[in-house]
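What follows is a group of structures, each given as structure tokens.
What follows is a pair of complexes built around subunit A, which joins subunit B in one and subunit C in the other.
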Partner chain A sequence: MTTANQNAVERYRNNFLKEVEANVEEGDMVKMCMQCGVCAGSCPLGPHWEHSPQKIFMMIRAGKREEVLSSDSMWMCTSCYNCIVRCPRQLPITHIMHGLANYAHRLGLAPKGQPTREFGTLFWNNLVKKGRVNELTLTIGHYFKDGIAAGIKTGLAMQAVGLGMVKAKRLNPMEIFGGHAVKDLKGFHAMVAKAQEIEAKKKGFTA
Partner chain B sequence: MAKKEYAFYPGCSSQLKASASNYLTSVNSMCEKLDVKLTEIPDWNCCGASVGYAEGGELPRLAINARNFALAETHLPGQDIVATCAACWLGSRETKERLDHTSQLMKETNEALAAAGLNYKGDVNIRHMVEVLIEDIGYDGIKKPVVKPLEGLKFAGYIGCQTNRPFGIAGESFENPKYLDQMVETLGGEAMTSYDQKVTCCGGALAFSEPEKSQKQIKDIIESAYDSGAQMLVTPCPLCQANTEVYQSEINKKYGTKFNMPVLYYSQLMTVAYGGSIKEAGLDGQLIRAEALEKICGK
Partner chain C sequence: MTASIATGQTILVVGGGISGMTAALEAAECGKQVILVEKTPVLGGRTARLYRYFPKMCHPTCGLEINLRRLKQNRNVRIMTMTEVSAVSGSRGNYTVTLKVAPRFVNENCTACGKCGEAVTAEVPNPWNYGLDKLKAAYLPHNMAYPQRYVIDPSIVGTPEGEKAKAACPVGAVDLEMKEETVTISAGAVVWATGWRPYDAAKIQPYGYGRFKNVITSLEFERLADPQGPTGGKILRPGDGKEAKNVAFIQCAGSRDENHLRHCSRICCMASLKQTQYVREAFGAEGKSTVYYIDIRAIDRFEDFYQMVQKDATVSFVKSKVARIAENKANGNPILHGVNTEGYHRYAIEHDLVVLAVGMEPEITGVKLPDDVILDSSNFIEGSKDQGMFGAGAAASPLDVNRAVQSATAASLHAIQVVRKNASTEAA
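Showing the complex of A and B:
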């Protein structure tokens, strides 16, 4: 168990709702859910959600901490915002799903090898490095995430697409050597570090 | 008419040789004809997109967006920020809303910004290019520069998610927004109003991480466009554009379909109708070439 997770378990004991309210983005809105079920039919990848958002909110109230935080479901969110515009109680469902996923990721409870967890992490690290996303290293990193052999296989399958993008001047092979970046990288990095530090302190991610 | 001026936030995908560089090319051509002046926010950074949450968390995401605001406030005071990318627009608007409503987050964000020598006062206004077109230019204004109406061309208006929900364009419904159809008609083209996948999700960033699941979505989006009688898809969103264009060949392999439908930006349609060249409209950047539009350019 990570220290952050241990601390959270000790601090909130049996009150998972309280933990979510304190540490999850927009988590204080969870208690507003009236279990109407409208959001449950809203997700584009719905059949792949083991627990719908409605069910997740119910499980939070029932204190099913392990089950919620290790769930694969939140990672199926495509950020389509269908749920938000439909919810009669105006719960920011999309953000709560992202918040839960991020919290589970930080505590080390999110499913290992979850593809969106890995891609999301890769994406963020890619953008933080230069302040802007480098689409080529992002794509390469993504296809090689399972090791070289798997990467070559997926890479080959996508090669036609990749070459087409290069020909259409929409993917720059030179970006692998750097590519676009913000000028004030030092300031940008200092700012991100500061924001991470404040957030970690607030949410108990630092021991 | 005085030039309209905006602080421009192009976003990562619009950069030179990035996936939506043809979007930027056509936006620039379109704005020239409409007498709109876009000044890039100096040294802008990525918005974090939607999928940045996994590692990025909340405050770091707010901070990177607020950095753009602070730069715009300092260098382009009084100008609305205009984004062309749905995710940039959404990420910025969400950040603004969160900071407006929660003084604690505003305080913490400014603490982070201070590390970069910046400060955000809370004054910016964030808009999508489509809002500028509809609200500031108006359909009459959009029509004025038309010299080559898109006669006889049939378009399915694919709006997708993030230009539509949760904020959307004022006066439009979430289920059936009509502005894109109206823009097509304004340019002399024919909008397929029976197209029923207008606001379906393309899978967004999950097209990378969950390709099979997302390609099923994309298949529905393209199939329905063919069913409606459209020759081309038109969209306001760079991720929708990339996903629906790039994966057609993969879908053909998997499902035995014969998709080969060009996917354009509204700004490309406008540039062509305004008499722009293939290059000015960014049509040379299509993976699936839009021959019918290229023909109009050559006329």
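Showing the complex of A and C:
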């Protein structure tokens, strides 16, 4: 268990709803759900995940902390906003789903090997390095995440697309050597650090 | 013409539905002078357009008949149909009310012989059946219409059709020169019994009302089941006239929804439970009703009605707010998509017909009322700041007939108290 997770367990023992209200974006709206099921029926990803938003909200109230935070459902949300549009109680469902994913990630409880989470992490790390996304290193990182053999295979399969992009000047092969950064990289890093500090403070993260 | 009638001791009742008739009668039978104004050509309101009443499953005509008899026997009520309130000034005990009377183009001489209706060929959408069929442009709104007097639709006035109606009338009752009139009256108290209207189902986009012919409202379903309705009481779906034996009822269509009406309309659960029995009545064991619901709210003592329906083998319940409706292009069947929240099972179920249990919205929504009137967050009338105007029946809250009548009686008593006080101060 991470210390952050341990602290959270201690603080909100047996009241997962309170924990969500305090730590998750728009978490205080969870209690407004009336279990009508419209979001569950409206989600285009519905058949592919285990817990619909409605089910997640019920599980939060039922105190199923482990199951909620380790669920892969929040990671499957594509932000289509169908549920938000239809929810009769106007819950910001999409935002709550992303909030839950973020919270689970910070606590180290999010499912391992979940593709959205992995790509998200890759994307973020790539982005903060230079203040812009380096498409070449990001793509390569993504291709080789499952080992060298798999990476080469995907790389070869995508060869034509890559060359096409180079020809159309959408991809610069020179970017492989680190790539260029935003103008004030130091300023950018300071900004991100500050934003993270503010967020951590708001959500009560100590670790 | 501007006429001035009535006094500060008169009670004005706006709306001639079951609530307005009740409020007017209670006061009149206590000896008070009442003016009852109704915007349509007939009394009875929405209830007169229902096939049967829950909980006893009796026909609304009998309740209507009793009230009409009481009205005919009472000289204290003056009824003005096709009349609306256009302005109210003054305050408790001393209101001046401006009424706008639309032309009926038929005067008191009418004997309801029907000759004008026979003479004209033009047709207009039948408001009585929510436009599901048409009626002649010279018509008696329905069999029990009160007053029993024909109406000429304005669309044929000034046309040869209008002249035909005029020529056909043996008693010279058709008067095509009638104009809109304004009447000013004084009243001590005002009872607003303006009732409700169905929420516009087309606004609930995922349900496809207006796009899919076999998705209808609960009001339309009442008319389909009624022998006086467009199908002569046969439950035939609008898409292709096929018998609708497998019917889905979708609860809270527009109610309990921050995007539509935020209140629970309170009667629609009972209305759908009642309507499952129309399906059974029409098709026996072959009929099939499925109720999709968030939770069933059988108000007050109606729980036993719910239990009775639950025992009915032709009726099943799915605990789910339907997410969306699609249409099977091959047979016109609506397909309901959603998740059954008991077990979280995803479904796509086909039915012959979908009935949306639409919510009740106050009829005065969007109508300019006197500034003094107090409305709740759903536009139901709570009363007035000067305590001289009262809401009654479905204008005050989404109520069934029984509770609407209770509410109207209470409003009537409040109004009587206002004019009684007036009488004693005038005498002093």
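The working rule: the second predicted complex is superposed on the first by the 198 of 207 C-alpha atoms of A that agree within 3 Å, B and C clash if a C-alpha of one lies under 4 Å from a C-alpha of the other, contacts with A are read in each partner's own complex, and residues count from 1 in each chain.
Basically, a residue touches a chain if its C-beta (ideal position, glycine included) is under 8 Å from a C-beta of that chain, and two chains touch if they have at least 3 such contacts.
Bear in mind that the values here come from a model prediction, so they are computed numbers and not experimental data.
*Asks:* Based on the superposed arrangement around subunit A, label subunit B with subunit C as either clash or fit.
*Replies:* fit
*Asks:* From the overlay on chain A, compute the angle at subunit A's CA centre subtended by subunit B and subunit C, rounding to the nearest 10 degrees.
*Replies:* Seen from the centre of subunit A, the opening angle is 70 degrees.
*Asks:* If you stack the two complexes on chain A, which partner ends up touching A:11: first (subunit B), second (subunit C), both, or neither?
*Replies:* neither
*Asks:* Check whether A:99 is in contact with subunit B, with subunit C, with both or with neither, and answer first, second, both or neither.
*Replies:* Only subunit B; A:99 stays clear of subunit C.
*Asks:* With the two complexes superposed on chain A, say which partner A:201 touches: subunit B (first), subunit C (second), both, or neither.
*Replies:* After superposition on chain A, A:201 lies in contact with neither partner.
*Asks:* Per the contact definition in the header, classify A:192: touching subunit B only (first), subunit C only (second), both, or neither.
*Replies:* A:192: touches subunit B, not subunit C.
*Asks:* Once chain A of both complexes is superposed, is A:133 in touch with subunit B (first), subunit C (second), both, or neither?
*Replies:* Touch status of A:133: first partner only.
*Asks:* Which partner, subunit B or subunit C, is in contact with more residues of subunit A?
*Replies:* Subunit A has more residues touched by B than by the other partner.
*Asks:* Just how close are subunit B and subunit C at their nearest CA atoms in the overlay, in Å?
*Replies:* 8
*Asks:* List the residues of subunit A that touch subunit B in one complex and subunit C in the other.
*Replies:* Of subunit A, residues 85 contact subunit B in one complex and subunit C in the other.
*Asks:* For subunit C, which residues are in contact with subunit A within the complex?
*Replies:* 206, 252, 256-260, 294, 319-324, 337-341, 344, 346
*Asks:* Which residues of subunit A touch subunit B in the complex?
*Replies:* On the subunit A side, the touching residues are 25, 44-45, 48, 76, 78-82, 84-85, 94, 98-99, 101-102, 105-106, 115-121, 123-125, 127, 131-133, 135, 139, 142, 157-158, 160-161, 164-165, 168-172, 174-175, 180, 182-184, 187-188, 190-196, 198-199, 202.
*Asks:* Flag every residue of subunit B that touches subunit A in the complex, lowest number first.
*Replies:* Within the complex, subunit B contacts subunit A at residues 12-13, 15-22, 43-46, 48-60, 62-64, 67, 108-109, 111-118, 161-162, 164-166, 174, 200-201, 203-206, 208-210, 213-214, 217, 246-247, 249-250, 284-287.
*Asks:* List the residues on subunit A that touch subunit C in their complex, please.
*Replies:* It comes out as residues 34-38, 40-42, 46-47, 52, 54-55, 85-86, 88-90.
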